[in-house]
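Next, two complexes with subunit A in common: one pairs it with subunit B, the other with subunit C.
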Partner chain A sequence: MEKRTKLAEIVKNQHDVILNDWVEFQLNATTLRRDLMKESELREQSREFLGLFTQAVQSGSDIGETIWKPVKDFLGQITRSRVLLGFTPSETATFIFSLKQPLFDVIRAAVKDPKDLVADLWTTTTLLDKLGLYVMELHQQNREEVIHRQQEELLELSTPVVQLFENILALPLIGTLDSARTQVVMENLLQRIVETGAMISIIDITGVPTVDTLVAQHLLKTVAAARLMGADCIISGIRPQIAQTIVHLGVDLSEVTTKATLADAFMIALQRTGATVTKSAATKTKG
Partner chain B sequence: MERIPILKMGRFLLVTVQVDMHDRLAMTLQDDLTGRIVKDRAHGVLIDISSLEIVDSFIGRMIGNIASMARVLDAETVVVGMRPAVAITLVELGLSLPGVRTALNVDRGVELLKGCIEERAQGNGHVAG
Partner chain C sequence: MATLRDEIYPIRSSDDIVKVRQITREWALMQTFSLVDQTKIVTAASELARNTLEHGHGGEVRIQALQEGSRRGLRLTFVDQGPGIPDLAKALQDGFTTGNGMGLGLSGSKRLVNDFDIHSETGKGTTVMIARWK
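Moving on, here comes the complex of A and B:
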């Protein structure tokens, strides 16, 4: 109990000294990102944090208690903004860990008895470690949120179904096909088939980097589902290497029409729907 | 007992599944339809499943079976109006109904049937001539 009050007392009395030292320390640290954050902003954040810290430490150093909630909330706020600005985990955590030096300095000056000094330093260091770890966890959490959100956006963005012509849809696939994406692709395609009444859909895999058995299986599933809805599928954009891989893997694509380019696939689709493409007379004479 | 109606439209039979199929109903349909194909000398069968929302492996297999039986009885079969969710379910169940003709809606199905039958007539004509 006594130790705790001592730390609290010191922090309270030496507030300005600690703040100055701390800001100084942070400004001189190698992890400072002047390109991402202004000095005034850092000073403001440090001041506010120290204020909340001083208040919380008066009633104990267990950060699980409700009295520490404002401190944690504030750290959450700082961490979120730093994650968005592109700080690395260690740069974010330095905010807390850099407080050690100035705190130790004032404690060393205030406490004379070596035993008390060690005890006080120990309390302080565990407290700051806990806060530092908390910041790291928050940082990680925020980063994961960003990744998760981007994944979802990517999923939506990467599966457009475009109508090329009356009754003809195209599905340009870009990136690797996994089960989750196949599901989205399939749903989108089938939905669009219902909406547009398309008879032929062209699946273009020019943007699919590799085709392994799993990807091929996903493709065949999509084709089968579209066929059940009454739409024929053509797979186009098969690069030479992919053709080789498909044969080496023993994937059977014999039941699906395949074309090397989207243009070829489009021509055959036009043919099947009974449409023809002709050059206008003007162009002919020019050519 | 509940039955799925089978309507005669010219040379075609139209089966519209308006309720969720349970196993008994599917078996009854199989009996009724094969009987009607023979009795009416139908050349084509349209099975409209646009109201069918839930399928399991049994119903999926029954749809495939009914289509195959109709073909044995010399009637072209087209399954029309399958919902996206049903299509995905069937594919995931591994029942992609090979050999069954499909169309988006009844209109398209009728067109497809007419096309098939004409083709067949021409083919027969060739052989005869």
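Moving on, here comes the complex of A and C:
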């Protein structure tokens, strides 16, 4: 059992003083983000938190107890909103740590016996440290969730299938082609082949820095799947150094049409689909 | 032979493989490798890093920038404490795989570099050393 301290009583009686001092501290902190958050909002959050804190602390300072749940839920809310606003972990945690000084001040004024004073200050500082660390952890978790979501969105965004011409699709790949990415790429491409009834798709790997056996295998699988849907593939963007490396690796791309540039691939695709390209009269006279 | 730079990087996740590729490319540039030489050593590094992760259950790579007379080179040593390779000759054959890869990683990277050395002991782990000189 923890020793009964005066903290509970003091926060209840000195509520207004603490709130004012605390808001003052936050407004003067170097970590304040006036650009991201309004003063009125900060004041409102502080008032609500202090209310919940005062209530919980009446029953003890073990934040693992269910009585602390409303406090933690509220911290969860404000942490989430601060992560989205772009606060750093320390800027978010300042909300809790800046409450230390105002609490210390009122405790020091209220507790006369040195022994009791030490006990009260100790309880308060460990309690706030725990809550502060809790906020830091939440902040981290939230950031990871946000980053994960952004990565997934990026995955979708970075694999757009574009229609170049009637019957011709192009899939410009950029970056690392890992297994997760290949899955998305392949699904997008097959989907678009069905939607458009395209005969040829050009997979352009100009933006893929390294073609190792895994990337090669993924490309070959995509080509095979497209073929099953009735579309032929041309792989373009095979630079000379990539071509050499693929040959040394021993990867056999002889079953697939490959071209150095997307433009070359496009010309081949036009021929195969029966379209012809001629220079217009205007270009001829100019050139 | 002088060692210009010598560092060790972990290989514990697929992000680490991307990192190994980036670092190898950086160091190859630092050693003023041609574009073809850069691509070859980076591709070999990618293969061996993936083997370390997938077959060796993770490990690390030591990367060294070397100079011998006017020759500059990069040496990469991949080390894991995984299951080891029971039959090296077989593993080095084109197309041999115990997983569902193409079975070209080991044999292919051997063709992409100047020096290739592999040691493996069943139950103890595998060490693969490669070097490319410009």
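Quick note on the criterion: the second predicted complex is superposed on the first by the 237 of 287 C-alpha atoms of A that agree within 3 Å, B and C clash if a C-alpha of one lies under 4 Å from a C-alpha of the other, contacts with A are read in each partner's own complex, and residues count from 1 in each chain.
Convention: a contact is a pair of C-beta atoms (placed from the backbone, for glycine too) under 8 Å apart; a residue touches a chain by one contact, two chains touch by 3 or more.
The model shown is predicted, which means the values in this text are computed figures rather than measured ones.
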Touching partner for A:Ala109 - first (subunit B), second (subunit C), both, neither: neither
Touched partner set for A:Ile193, first subunit B, second subunit C, both or neither: first
Subunit B versus subunit C as contact partner of A:Leu228, first or second or both or neither: first
Partner chain(s) touched by A:Leu214 [first = subunit B, second = subunit C, both, neither]: second
Which of subunit B and subunit C A:Thr176 touches, first, second, both or neither: second
Partner chain(s) touched by A:Ile147 [first = subunit B, second = subunit C, both, neither]: neither
Partner chain in contact with A:Val118 - subunit B first, subunit C second, else both or neither: neither
Residue numbers on subunit B that touch subunit A, as the complex places them: 79-80, 82-84, 86-88, 90-92, 96-97, 102-105, 108-109
Subunit A residues within the subunit C interface of the complex: 176, 178, 209-214, 216-217, 240-242, 244-245, 248-251
Partner subunit A, residues of subunit C touching it in the complex: 14, 18, 21, 25, 35-36, 38-40, 42-43, 46-47, 50, 94, 101-102, 104-105, 107-109, 111-112
Touching residues on subunit A, where the partner in the complex is subunit B: 183, 186-187, 190-191, 193-194, 197, 199, 221, 224-231
